[in-house]
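Structure below; questions to follow.
Chain nomenclature is as follows: A, B, C and D, assigned in order of appearance, with residue numbering initiated at 1 for each chain independently.
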Amino acid sequence: MTTTQTTQTTQTRELTFAEAINDAFDIALGSDPTVLLLGEDIADPPGGVVRLTHGLSTKYGTQRVRATPISEQAIVGAAIGAALGGLRPVAEIMLMDFIALVMDQLVNHAGKHRYMSGGTSHLPLTVHTRIGHRRGAQHSSSYEAWFMHAPGIKVCVPATAADAKGLLLSCIFDDDPCLYLEPTPMVRSRGRTEVPTGDYRVPIGQAAVPRAGSDVSIITYGQQTPAALDAAAMLADEGISAEVVDLRSLVPLDHQTVLTSVAKTRRAVVTHAATRFAGPGAEISAMINEELFGQLERPVRRVASASTPVPFASSLAQAYSPDASTIAESVREVVR
Amino acid sequence: MTTTQTTQTTQTRELTFAEAINDAFDIALGSDPTVLLLGEDIADPPGGVVRLTHGLSTKYGTQRVRATPISEQAIVGAAIGAALGGLRPVAEIMLMDFIALVMDQLVNHAGKHRYMSGGTSHLPLTVHTRIGHRRGAQHSSSYEAWFMHAPGIKVCVPATAADAKGLLLSCIFDDDPCLYLEPTPMVRSRGRTEVPTGDYRVPIGQAAVPRAGSDVSIITYGQQTPAALDAAAMLADEGISAEVVDLRSLVPLDHQTVLTSVAKTRRAVVTHAATRFAGPGAEISAMINEELFGQLERPVRRVASASTPVPFASSLAQAYSPDASTIAESVREVVR
Amino acid sequence: MSTEDRDVGARGRSERHLVSSTPAQPPVSDLVNMYRTMLTVRLADERFMRGLSRGEFPGFYFPVHGMEAAAVGVIAALRPDDYYVTTYRGLADVLAKGASLAAAFGELLGRVTGMARGKGGVMHMADPERGMMLTTGIVGSGTPIANGLGLAAQLRGDDRVTGVSFGDGATSIGALHEALNLAALWSLPVIFVCHNNLWGEHTPIDAYTRTGRLAERATPYGIPGVTVDGTDVLEVYASAARAAERARAGGGPTFLEVVAPRILGHSFGDTGDYMDKAAVERARANDPIPKFGDWLVAQGHRGRDELDAMRAQVIDEVERALASAVNGASLPVDELYTDVFAPGVDTPR
Amino acid sequence: MSTEDRDVGARGRSERHLVSSTPAQPPVSDLVNMYRTMLTVRLADERFMRGLSRGEFPGFYFPVHGMEAAAVGVIAALRPDDYYVTTYRGLADVLAKGASLAAAFGELLGRVTGMARGKGGVMHMADPERGMMLTTGIVGSGTPIANGLGLAAQLRGDDRVTGVSFGDGATSIGALHEALNLAALWSLPVIFVCHNNLWGEHTPIDAYTRTGRLAERATPYGIPGVTVDGTDVLEVYASAARAAERARAGGGPTFLEVVAPRILGHSFGDTGDYMDKAAVERARANDPIPKFGDWLVAQGHRGRDELDAMRAQVIDEVERALASAVNGASLPVDELYTDVFAPGVDTPR
């Protein structure tokens, strides 16, 4: 259990979430000639539709930072082949809804290859994509739970600029297929926070505890992490001490950090922006109940998006995802 | 909570699971001219690679029972369009691993269309496919959990010949997209059991309780249902009374039957052939814990396939999925 | 608006369209209706973006400026009961298919007055009563669905045709190819309408394919591939009419590439500063609307003053429709959980 | 084994291959090796199915009978360090690429001695040390992956070529088309080898496409589409050699359609009784192995007795390799959980 973990450096500079991602790509491309980026519109201009790869094709050339046709299957397939051929490709898929187009390449091929080859070959590739956009039913979804149920793929979702950088570098240099998900609210955020310089890595599979507390554990990741922290701050004013666990990785899942926290607080609320039914929170809740049965004061609660397509109308979109006050309300019910 | 429910008839005849499916297609095609079947190799010969549609193109013509190119996206897309155009199409995808190719059509289009259209149009279509084959990593998977986390799609998995027929007819005549999954061991089974004749329907979203008991509830579906019943029989000899709940539908999930059973037995084991991590059992376990917190004698246990790709080697394939004795062993631990 | 072969000017290659020189030409009243629809699309498109830039309402949007002839020319050649499938860049198709301005604006703004009651939004305008069956936000995914609509008509034995529009960039998507092969195999009454604006988001066509003329892609499947100047509404109309006739007669699908260079950015807010200025200026100068208006006047079908009066009327209609949308109610929050399944089926909580 | 144009006889249409009349021809020792590989494939294929029918071991299998020249001719024209991607019907490709018979049988039977230690099995034989990089069980899915291997070689600046084989039925899959467009765009050193056996499982080619010659599909992407007689190993070799040369020189991809009609059923246990008997008999009579053997004898490269001796040798090799597999150990059960992730990373339980 660590909040941050630095492999080589402690110098920092202030970056937005998007800049931290760009910095990670820059460092990876600069330090390893086998790193290759490919995806739609990722070359300059525009350097990615949300500019995550801005400037990189100019700096490293369009051979290594390659814009592609609108061909998601060909993109992920090329990444798999390139990984098999000794490179460390990073494929960008614009939004997670489009990941639906590459489930065969990702799940059937990338995820299963090490196993099917009996360990004789492996695929060091990263696919990154964006979740939690607010653009209606086909551009806003969060399907990370599918990949928790698709053996052989690691899944990371950063919630801070530092983790965005550190997890991305870990994914790129990991020897397994990694799915790296960027929550849109963070990508869009203009706020800058401290990010370690250099080849900073956050280990995959280690949760962070950005706020310690004793009365209840709020288990979360991604765009719900700041909401959980806001909720914890609100609750502190009411005398409720909430600990926040930011999972950062969903596969592997840091059971230990979750269980240590909940064993201490004896109450847990799991919250995510993915839809509730059969979402990531189901696994986490089931696991907590299995491991800490009899030690809980209250049932584990799940606070998640409605199990509906993402609505367009802003009145519904507001209600669709839980915010800090929804989380706080659930915490109160659990603590009460 | 019902074991069977008949809409019009109580006459029965003995059919295999596969014959019951064929009978359902026959009745649907015969009674409604808008029913249309399409898929690879579904016309005679061979009438489907596992002969589920055998004889039907001969009887109803190749206009209504259409063999297609190897084009999964085109198949499901055509089913969506045909549904939109007023038909009740049924698309066959040979194996659930190939469903990975149609996630965009199924999840982004079929599942979201009613919602995105504000209820002005809907898609009465069925996609059926096979799970639990034993043909290695790319031909054997069970991904029903993905569809529990993909709003707008109903999911049915029959475990008996009668349910195979009754659920399939309900899916075909349902006004929402339905995913109907055939467990391979049942499809291959030569045993015949009583199946109601005529337009027999099993309501979607109703679990069955094929065995009543008082000490523990085994919650399951599909190919694990007979394993659970075998386990219950073994346990009965040891004086343990196990109730078996066959969910039959995963979406909508029959919470009520599950909760009624577990409220009575105060112990639950959830078992399925899908992999364990973030599988269907996670939702069921989380839900039971939420609703029956404090009423359980023991933690809900999940007994499922290993969270790995499906191994080929028979030594590993044996160990991959739980059988009756694995289930019984878990039950003993919960009851002890 | 001649109908001889001409250089459509796309991509600096000499691409000659394949339209024969004997087009169908609609009666004058229809010609005027087509003009009016094009004008309505243009003014609605401009007005909506003006509202966005002025902050009258929040939102996002995919302009159709410059593709009015490309969209209206095709749909004018179809019957009202024909089916259509379009994309996020679908305002022109949707209005051409007969949807009301108010319902379109309502949906763009997510109001109950929208054609999907605001639940679908910008990328999912559908108006099944008028045959506008589905709008997809996923590049290329509408094409296999169009086949199913075509199949439904074919099996019913009615002679409805299905049109499906998609961008040039969508030709790189696998689903389109599966759809073409199936449509050809089953002789489906489908017109594959490729709105070639020479760009896929920030990527120009030469940067994503070596195919010279996109319609060539259809040929090996046994589908005629026709390329037309998408700024010439009569040429578009004529080729679509031929494709529809062929489809209705059981002759199967046509791939119709309608070339209308993009003038604005990909979406509202994209200035398009990466596009070649001269090419954009050329496209702007070749505006399909004045071109068609001038022709109507030259042919004596309408006077200049009549067209001016029409413009004033349409401006007024657009203004009133937009106001109705802006002032439209939002869906009540409990509708979040409806329309997932048929009424009466619970949405999982 | 002439190299002039000939009717490949597929589908009763007159399909003339596009190979020029100046093929590369390998040295005699290579020719003999090719023959030996074809014979090995044939005998291994037959022996494995005999074992299955006799109940010597349980299993399933996809025969390669009749496609020995189609597979061996292509791979013989590649270098040992070239990459290859194949399918479930991959035994001929895998052996041609240099994998050992024992490792192949071991994998078919799921033994530790298998090239993937039995974890992959029949549909996933891979031997990365010999450039056999990946075998897919999903129709068409290998083609985008082959592009990535080609890209790796291109970026490294080495001149390795990647071959990827797939069936005729795979031409209906979208992924192939995305792969073709990308390969052409990036001039990737990839040879798309379409093993056209005229059937996709129970469906004959005419029932799933209107495309006359599958290689035509490549043309609009800017890829040469070549069709050759897949029962003539020298013709296959020559066209593959040209494609490889072109790819190595930076000329980009080739689509090579190798026509070798299916003789057996789709998989072991499928009698193929739905296939036209006369067509099957014609194909059987046109067996690539005796055809090539006769040619070797006629050219004086080897005597009939030498070929007979080789056959006896190969039978013996096959027998010994199969025995080693049958007697091979099974993986210990705790290996169920390994190889999901890199060593040291826990598999979720």
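What we mean here is this: a contact is a pair of C-beta atoms (placed from the backbone, for glycine too) under 8 Å apart; a residue touches a chain by one contact, two chains touch by 3 or more.
Note that the coordinates shown come from a computational prediction; the quantities given were computed from them, not determined experimentally.
In this assembly, the chain whose C-alpha centre lies farthest from subunit C is D.
Between A-D and B-D, more contacting C-beta pairs join the chains of A-D. Centre-to-centre separation between subunit C and subunit D, using Cα means, comes to 45 Å. Between the CA-based centres of subunit A and subunit D the separation comes to 41 Å, rounded to the whole angstrom. For the pair subunit A and subunit C, the distance between mean C-alpha positions equals 37 Å. Residues of subunit C in contact with at least two other chains: 117-121, 124, 136, 138, 172-175, 178, 181, 185, 208-209, 340, 347-348. Contacts with at least two other chains are made by residues 68-69, 71-74, 97-98, 101, 104, 108, 115-116, 136-138, 148, 151-152, 251, 277, 307-309, 311-312 of subunit A.
Within the complex formed with subunit A, the residues of subunit D that make contact are 83, 85, 114-121, 124, 126-128, 133-134, 136, 138, 141, 143-153, 155-156, 162, 174-175, 178-179, 181-182, 185-186, 338-342, 345-348. Subunit D makes touch with subunit B in their complex at residues 58, 60, 110-111, 117-124, 136-140, 169-170, 172-174, 200-203, 207-209, 273-274, 330-333, 335-337, 340, 347-349. By the touch criterion stated above, subunit B contacts subunit C in their complex at residues 36, 63-64, 66, 68-69, 71-74, 76-87, 89, 104-105, 108-109, 113-122, 148, 151-152, 154, 174-176, 205, 251-253. Every residue of subunit B that touches subunit D in the complex is listed here, in rising order: 40-41, 45-46, 49, 67-74, 97-98, 101, 135-139, 276-277, 306-309, 311-316, 318-320. Across the complex, subunit D meets subunit C through its residues 172-178, 181, 184-185, 208-211, 216-217, 219-222.
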